[in-house]
Structure formats: structure tokens, C-alpha cells
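Pasting the structures in now, so scroll down.
Next come two complexes, and both contain subunit A; in the first it sits with subunit B, in the second with subunit C.
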Partner chain A sequence: MPYDIQTWVKVAAFSGGGMAMGFGAIGAAIGEGHTAACANEAISRNTKLSGDIFKAMLVGQAIAESSSIFALVIAMMLLFTKFPEHVLTVPVLFGAGLCMGLGAIGAGVGAGYPAGSCCTGMARQPAMSGRLSTNMLIGSAVCQTPAIFSLVVSFILLFTDFSKSPVSPTWAAILGAGIASGFGAIGSGLGGGLVAEASCDGISRQPETTTQVTNVMLLGQAVTQTTAIYALLVSFILMFKTFPETHLLAPPMALLSAGICMGIGAIGPAIGEGFAGKSAVAWIARNQYQVADLTRVMLVGQAVAESTGIYSLVIALILIFVV
Partner chain B sequence: MEDLGKIHQLIIHIFGRDFTFNVECMVMTWIVIIALLIFGYLAARKRNIIPNLLQLVGEMIIGIFYDLTEDALGEELGKKYAPLICGLFMFLFLCNWLGIFPHLEEPTKDLNTPLSYGIMGFILAHHAGIKAKGLKTYLKDYCEPMFIMAPLNVIGELAKVISISFRLFGNIMGGSIIILVVSYLTFNLVTPPFLNAFFGAFVGTIQAFVFTMLTLVYIAVQVA
Partner chain C sequence: MADPITGADIVKAAAYIGAGIAMGFGAIGPGVGEGITASKACEAIGKNPKEAGLLTRTMLVGQAVAESTGIYSLVIALLLLFVV
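On to the complex of A and B.
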């Protein structure tokens, strides 16, 4: 029995919405659970501060939750908005849902780490509660950046008019764009969380180093996001470049593979860079006279860890422009 | 909602030639430059042992960035590069905050602005590297750890320009798209001020700082 376009658009909207919220629910829940575990530990160590720690836990969990709320927004939009009946709407809805769902995983888990170590840090060093909370807010907000990139790509997919583009390679470009930004955000969110966790830990261990620790944390997180930015770049190229119409199967597959290549290739380097940043921040708190050396080693190490992400970028660009 | 796809581009063609000017971005950049000039003039006009408010703000910014630069580059080079780093931060900071005001757009929302400053930082860092190490050692550093790795090292250096400029561009443009879409979905009720506070003020400050620090650190890595 043949189905008309309207049915396919509905199918894509429902499956996209399901994927957005399904995948999107993974990360934040893990992160929030980690925060709650750390808060329990902190309260049992320092029972007098239970009120403050409880508040810090709730604030941290609220930030970790925001990536899931992005996914919820996209899922609701997919379910309740009326979309134009066009063939290309099908990959658009599917890609937007996949992009936001996958993109919310890393940021949710990542934002849970600094919130947890903020709670334990408050128990250890109650006098630094204010600075710890500020640092945690900055750190977990920066963790959300990859999820925000995914949200932006989903919004652009949903609100751009693709109806004038040729169907044949564009469907693959749209799906590829969603996949690239979705997978690409996983590692960066997680890695950024590791760096921020170490910074909250470091501040509570050595309050004198607060300024240096926050600065190096921002640097480390920024470099950790680099591969997510490559994924965003590939998504933008796939969405905004006009491709010539084709009836062959190879050109669309090249565009789709470019997205897959950049998206999955971005996961590993970002987590690795997160480890480098975590350790650098943790040791700056212990050895504050070596800030310059530790920062340089961190950046060089992160650059080397990132090289596999750059290979993915090169292959993705070759797939788009050469093949 | 229609302006989402073709983001903020006002292009002028002159006499059939391909000269395209992004007027909006240029006007906004000049607004930022003039605002900074006025701030600098007012802050330095009545210098006193007991500073007035503007002098205090100016001294604070300059103090912070001179310290950061000297920490990263050492006493002598730090004094040389600190004005640049300080100016870069103040410029980007004001650029990112500009979108908070109605009818004004962030110049950094246009890829041209972050990309120019990314390329500027790239050239500065490599110029500093060649000057500090000499051309031979500088070129030799590309062949680490093996000679075959040279092309990949060059790609890695170029990727730094992409990452630094797309980080700023993606954050600022992403913020403005989210503000636009959410305002549209909620019929401009309640949420826009909070979103502006988060994406304009908070993210804008952090990204301006990150861009400045990364430029500084790229110079420091080349010099060391």
C-alpha cells in the first residue's frame, strides 16, 4: 500500500520527536544522579552545611537538566507544529530530532560533574561556598555550549526553507548535518564537564588559586569544544551549500558519510582533551607556581589529542568538496 | 521567522562588480569603536590619585590583562603585547554585549568579524614565533616528531584559526538564533530578557575572555 507525503512527514515528525526526547533523557539523568550522590557524601561529611549543599545540588541539577529541556522543546515542536508537505521535510524532521537528542547526552552528563564536585567542595571548604557556586555556574554553563550548538542546528533545520533545493543530494546533506552536530556534541560536553569538575575540586583544595584555576578551566573547556565546533562547521557547510542535482547514489552517500565521519570522529578527541584539561586544572591548584608550564603542556597535549578530530574534519571536507 | 535562513546579510553590489559590503556589521563595528574611544577619552581625562568611576573601571581592566599577559609571556614581551590583548578583550566584550540593546546587532554574529580577528591572532603568533626562535628553528618545529608529520602540523595550525573564530561566531550567532526562535514561539512574552541576559551578557563575556586568552596562549606557545 503506497503512502503519501503527508504520512511520511507525520512519520518523520513522530520518530524525530521520539528520538529527540529518548536520547535527550540519557545524559541529564546521569549527571543529576552523580550530583545527588556527591551531595549525599558532602552532607554526611559536613552536616552543619546541609541546607547550603542541598541548594547547590538543586542549582547544579537544574543546569544539568537544561540540555534535556532543549530536547523537550524540540520534541514538542516536532509533535505539535504543522510542517510543509514536501519530500525534504522528512529528513529535516528526522535530522533535527536526532541532532538535538544526541547533542543533549554529553552536556547533561558533563554538567553534572562540576555540580557534584561543587557540593563536596563546599563541605570541605565552607568559606569558599560563594566562589565555588560561581565557578560551578560558569563551568556547567560552558558545558552546555555543545548542546546549544545542536539546538541551533535543529532550529536552523526546522525553520529554513529547503523546498527549492534538489531532493536527491539535499536529503543526505540535511541528515548528515543533523548527525554531525548531534554526535559531535557528545564528547565535548563530557570533556568540558571533566575540566570543570577538577576546577571546583581545586578551588576547595587551594582557595588562593581561584583566579588561575577559573582561567585555565575556561581555556581547557574552550579547547575541549574544538571538535564540536568542527562538527558545527561541517553541519553549516552541509546545510547552506547548494549541491547540484544528481540521480546517482554516490554523491548523497558522500554527504551523509561526511556528517557521520565528523560527528563520530569528534567524540573521542573531546573526551581526551577533557582528561588533559582536568589534570592540568587539578595540578594548578596543587602547584600554583607552575601555571604557565602546566597551561602550555595542557594545550600542546590537547592539540595532539585533537589531531584525530582534525583527520575527521579533513576527510569530511574531502567527502563534501572533492568526492 | 523568514530571516533565519539568510542570516543578517545586507549586501550591496557596486556597479556590477563583486564588491559586497556587509553594511550592518560595519556600522555596528564602528559603533563599538566609537564607544570604546569615548570610554578611553573619558576614563583618562581627569586622572587622579583618587580615581573616578570610569578611571577605576579602566584601571581594573588594564590591570587584569597586564597581569595575565605578563604571566603568560614574561615581563618583557608581556609589556609589548598587553595593550593588544587588553584592546582585543574590550572590543570583543562590547561587540558581544551590543546585541542586548534593541535595534543593535552583535558584529561578532557575522563570521567576517571573528574570522578576521582569528587570522590576526594567527599572524601575530607566528610573527612572534619567528622573531623569538629564528626562522630555522621555527620551521624545524613543524617537523616534530617526524618529517612526515609536517603537513599535519600545518593543518593543525590552520585548524586553530577555524576553531577560535567559529567558537565565538557559533556562540554569539547561536544565542541570537535561539533568542529569535524562542521569542517567536512564545510570542515575545517574558523570556527574551532572561535569554538576553544569558546569551548576551554571560556567554558574551565568557566568549570574549576565551577568545582573548586563546590568542594570548597561541602567542605564548609559539614564543616558548
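On to the complex of A and C.
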């Protein structure tokens, strides 16, 4: 055999590292660019506050950057760690890189939105600067959670000993786990960012509604994170369940398909829930006497948008446990 | 060991992959579309709170229609898994 296992392990480590950092750089750069654009606009509107706005921009960009730093860490690990020579190391390295790379996209873009609207808001309402920074920090932190889920899945993949598992269905389970958490994080990061953006905007327009706006922002963001949690759940099942050895093609394909189904199925609902949360928060700021009605409609609308994410979860679980 | 992968096995594997792709990609559109509907409903209720009941009803009907493609995906995925 001209190529030994060590060669394939290296191939997987280098291509996985490339994917981690390549995909992982997309989101943070877009988010930070948006923040910088808003900061420039804000400074041109209110030049006297340039110091504060500049500071807020840097803090916001630092948070958006964190997701791509996770990707950098995983890429470095893939490049410089010596991995065991085992067939299953190949999908592990490939899956971990893909998971962290894709997982960093949504969080990076999402965290840029509240940071941008915080800068704009400071120029509009300098008295609320402190409160705006707090909301930006909370909102951006929530946006980072799906990237952290991806990081956790990548670390578990890299540090679990799969050498005793049967090669045949386990390779697909490993890849599926990476794909599920990687794609599954895109929508939740973006959706959470949309809601947080509206909250900074709302506070700067109507400072007296700060409490209601923050409460509904947290509620709306929590709902957008649910599909990323489904994806994490599917990843955990795929990583920790022991599958019987098989020489057939269908069982591994079912596991791979479960990961694709849950990962991609989580994107749309989370973005849609983000839109719903964004409008609800924006209009609670403008019309604070309608908090009850708007919260109810937001939750009902988000629940309906969630349904397709739940269908994906059901199909993924059927693929893992039934067929 | 003898090669156990037969034509029927490949067909089954393709059906599983197809089910995952159908439901995965099929979930994107309805999710985003229903979210936009809910977003506009919130906006409309904020502008005109007296019509909250009518607006919620309209939102739900609109979302139900947008949901249909998600249900088609679910049906196709289940058909691929259990029938075909």
C-alpha cells in the first residue's frame, strides 16, 4: 500500500486546520467590519464622543473576534499536535476542523450587529452609553454560545479515544457530529445578533423602556439558541452512542445524514426567530404599553418558525435510532 | 471478507442521505419565511394594537401556508426512510 495511515492522518489534520481557519475567518471579519462602519457613522454624527464610541467599537469587535480565535486555536492544534495513527483519527480531524470553522461564522457576524448599533446609539443618546455597553456585552455574549458549542464538540472529538470503536459506522458518526454542530451554529449566532441589535437601537431611542427591552431581548435570544442546542444534542448522541459494527453502506450513511439533516435544518428557523425577536424588541421600545401583546405574538411566531427545526430533529433521531 | 455491499444496500444508503438532505435544506426556507412573517406581525401590532387579534390570526394563516413546504420535506423524508 503506497499510502500509510500516518499520511492520511496528516492529510486530514492539514485540510481540517485549513477549513477551521478559512471558514472561521468569514464571520468575525464581516461582523467587525459592520461595527467599524457604524462607529464611523456615529463619530461623524457626534464628534465630541469619539473617544467613547471608539472604545465601544473595540470592545464589540473583541467579542466578535473571539469566535475566530476559537477557530485559530483548533487550527493550531490540528497543525502541531501529534495524533495517534488510527483510521478513525482521519474523520476526527476532518470533522473537528469543519465543526469549528462553520461554527464560528454565525457568532462572528451576529456579535457585530449589537456592537454596531451600540456605537450608533451612543452618538444618538450619549447619556445611555453605560447601559448600551452593558446590553451590547450581554447580547454579544449570547451570540457566542453556538460558537462555544462548536468548540466543545471539536475538543471532545479531538480528545476522545475512538480506537476501540468499530471503524465502519463510527467514521460517519464522527463526521456527522462535526457537521451537525458546525452548520447548526450558523443560524443561532446570526439570529441572536439581530435581536441584540434591536435592543441597543431601542434603548438609545427610548431610554425609559430599558428594562422591558432587555427582558424581551433575552427571551427572544434564548429562543434563537434552541436549534443550536438541538444540533449539539444530535452531536453528543453521535459521539457517545456505541454503534454495532457493520460492513454495509447504509448504516454509516444514516448517521452522516442525521448530522447533515440537523445541522442544515437548524439554520433557517434560528434566523427567522431572530427576525421575529428583532421586530418585537424594536416595537416594545416604541410602544411600551404593548409589551404583553408583542411578547405573545413574538413567541407564537417563533414557535411556528421553530417547527421545521423540530422536524429536522425528528428525522435526525429516526435516522440514528430507528432505521 | 467477501464484499457485502450490494445494489440494494447502496439504494438504501442513498435513500437515507436523500432524507437528510431533503429535511435539512427544506427546513431553511420555512424557518426564515415564518420568522419574517412574525416580525412584520409584531411591527403591525406595535403600530395598531387594537387589531392584535386580527393580525395574529393573519400571521398564523400566512405562516401555515409558508410551513407547507417544510411539511412536504418532512413527508418526502419519511417516505424515503420508510416507504421507498
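We adopt the following convention: the second predicted complex is superposed on the first by the 322 of 323 C-alpha atoms of A that agree within 3 Å, B and C clash if a C-alpha of one lies under 4 Å from a C-alpha of the other, contacts with A are read in each partner's own complex, and residues count from 1 in each chain.
The criterion applied here is as follows: a contact is a pair of C-beta atoms (placed from the backbone, for glycine too) under 8 Å apart; a residue touches a chain by one contact, two chains touch by 3 or more.
What you see is a predicted model, and the numbers here were worked out from it, not measured in a lab.
Room for both subunit B and subunit C is found when the two structures are superposed via subunit A, with no clash between them. One geometric descriptor of the composite model is the angle centred on subunit A: between the Cα centres of subunit B and subunit C it reads 90 degrees, in steps of 10.
In the superposition on chain A, A:V300 makes contact with both subunit B and subunit C.
Of the two partner chains placed by superposition, only subunit C is touched by A:W283; subunit B is not. Shared-chain residue A:A316: touches subunit C; no touch with subunit B.
In the superposition on chain A, contact is made by A:G268 with subunit C only, not with subunit B. By the document's definition of touching, neither partner reaches A:K241: not subunit B, not subunit C. In the superposed model, A:K48 makes contact with neither subunit B nor subunit C. Taking subunit B and subunit C in turn and counting the residues of subunit A each one touches, the greater count comes from C. Overlay on chain A (Cα): least separation between subunit B and subunit C is 8 Å. In the superposition on chain A, the residues of subunit A contacted by subunit B and by subunit C overlap at 296, 300, 306-307, 314. For subunit A in complex with subunit C, the touching residues are 187, 191, 247-250, 252-254, 256-276, 278-280, 282-284, 286-287, 289-290, 293-294, 296-298, 300-302, 304-309, 311-312, 314-316, 318-319, 322-323. If you check the complex, the residues on subunit A that touch subunit B are 77, 138, 141-142, 145, 148-149, 151-152, 155-156, 159-161, 215, 218-219, 222-223, 225-226, 229-230, 232-233, 291-292, 295-296, 299-300, 303, 306-307, 310, 313-314. Within the complex formed with subunit A, the subunit B residues making contact are 1-2, 4-5, 68, 71-72, 152, 155-156, 159, 162-163, 166-167, 170-171, 173-175, 177-178, 181, 185, 198, 202-203, 206, 209-210, 213-214, 217, 220-221, 224. The touching residues of subunit C, when paired with subunit A in their complex, are 1, 4-5, 9-10, 12-14, 16-17, 19-21, 23-43, 45-47, 49, 52, 55-56, 59-60, 63-64, 67, 70-71, 73-74, 77-78, 81-82.
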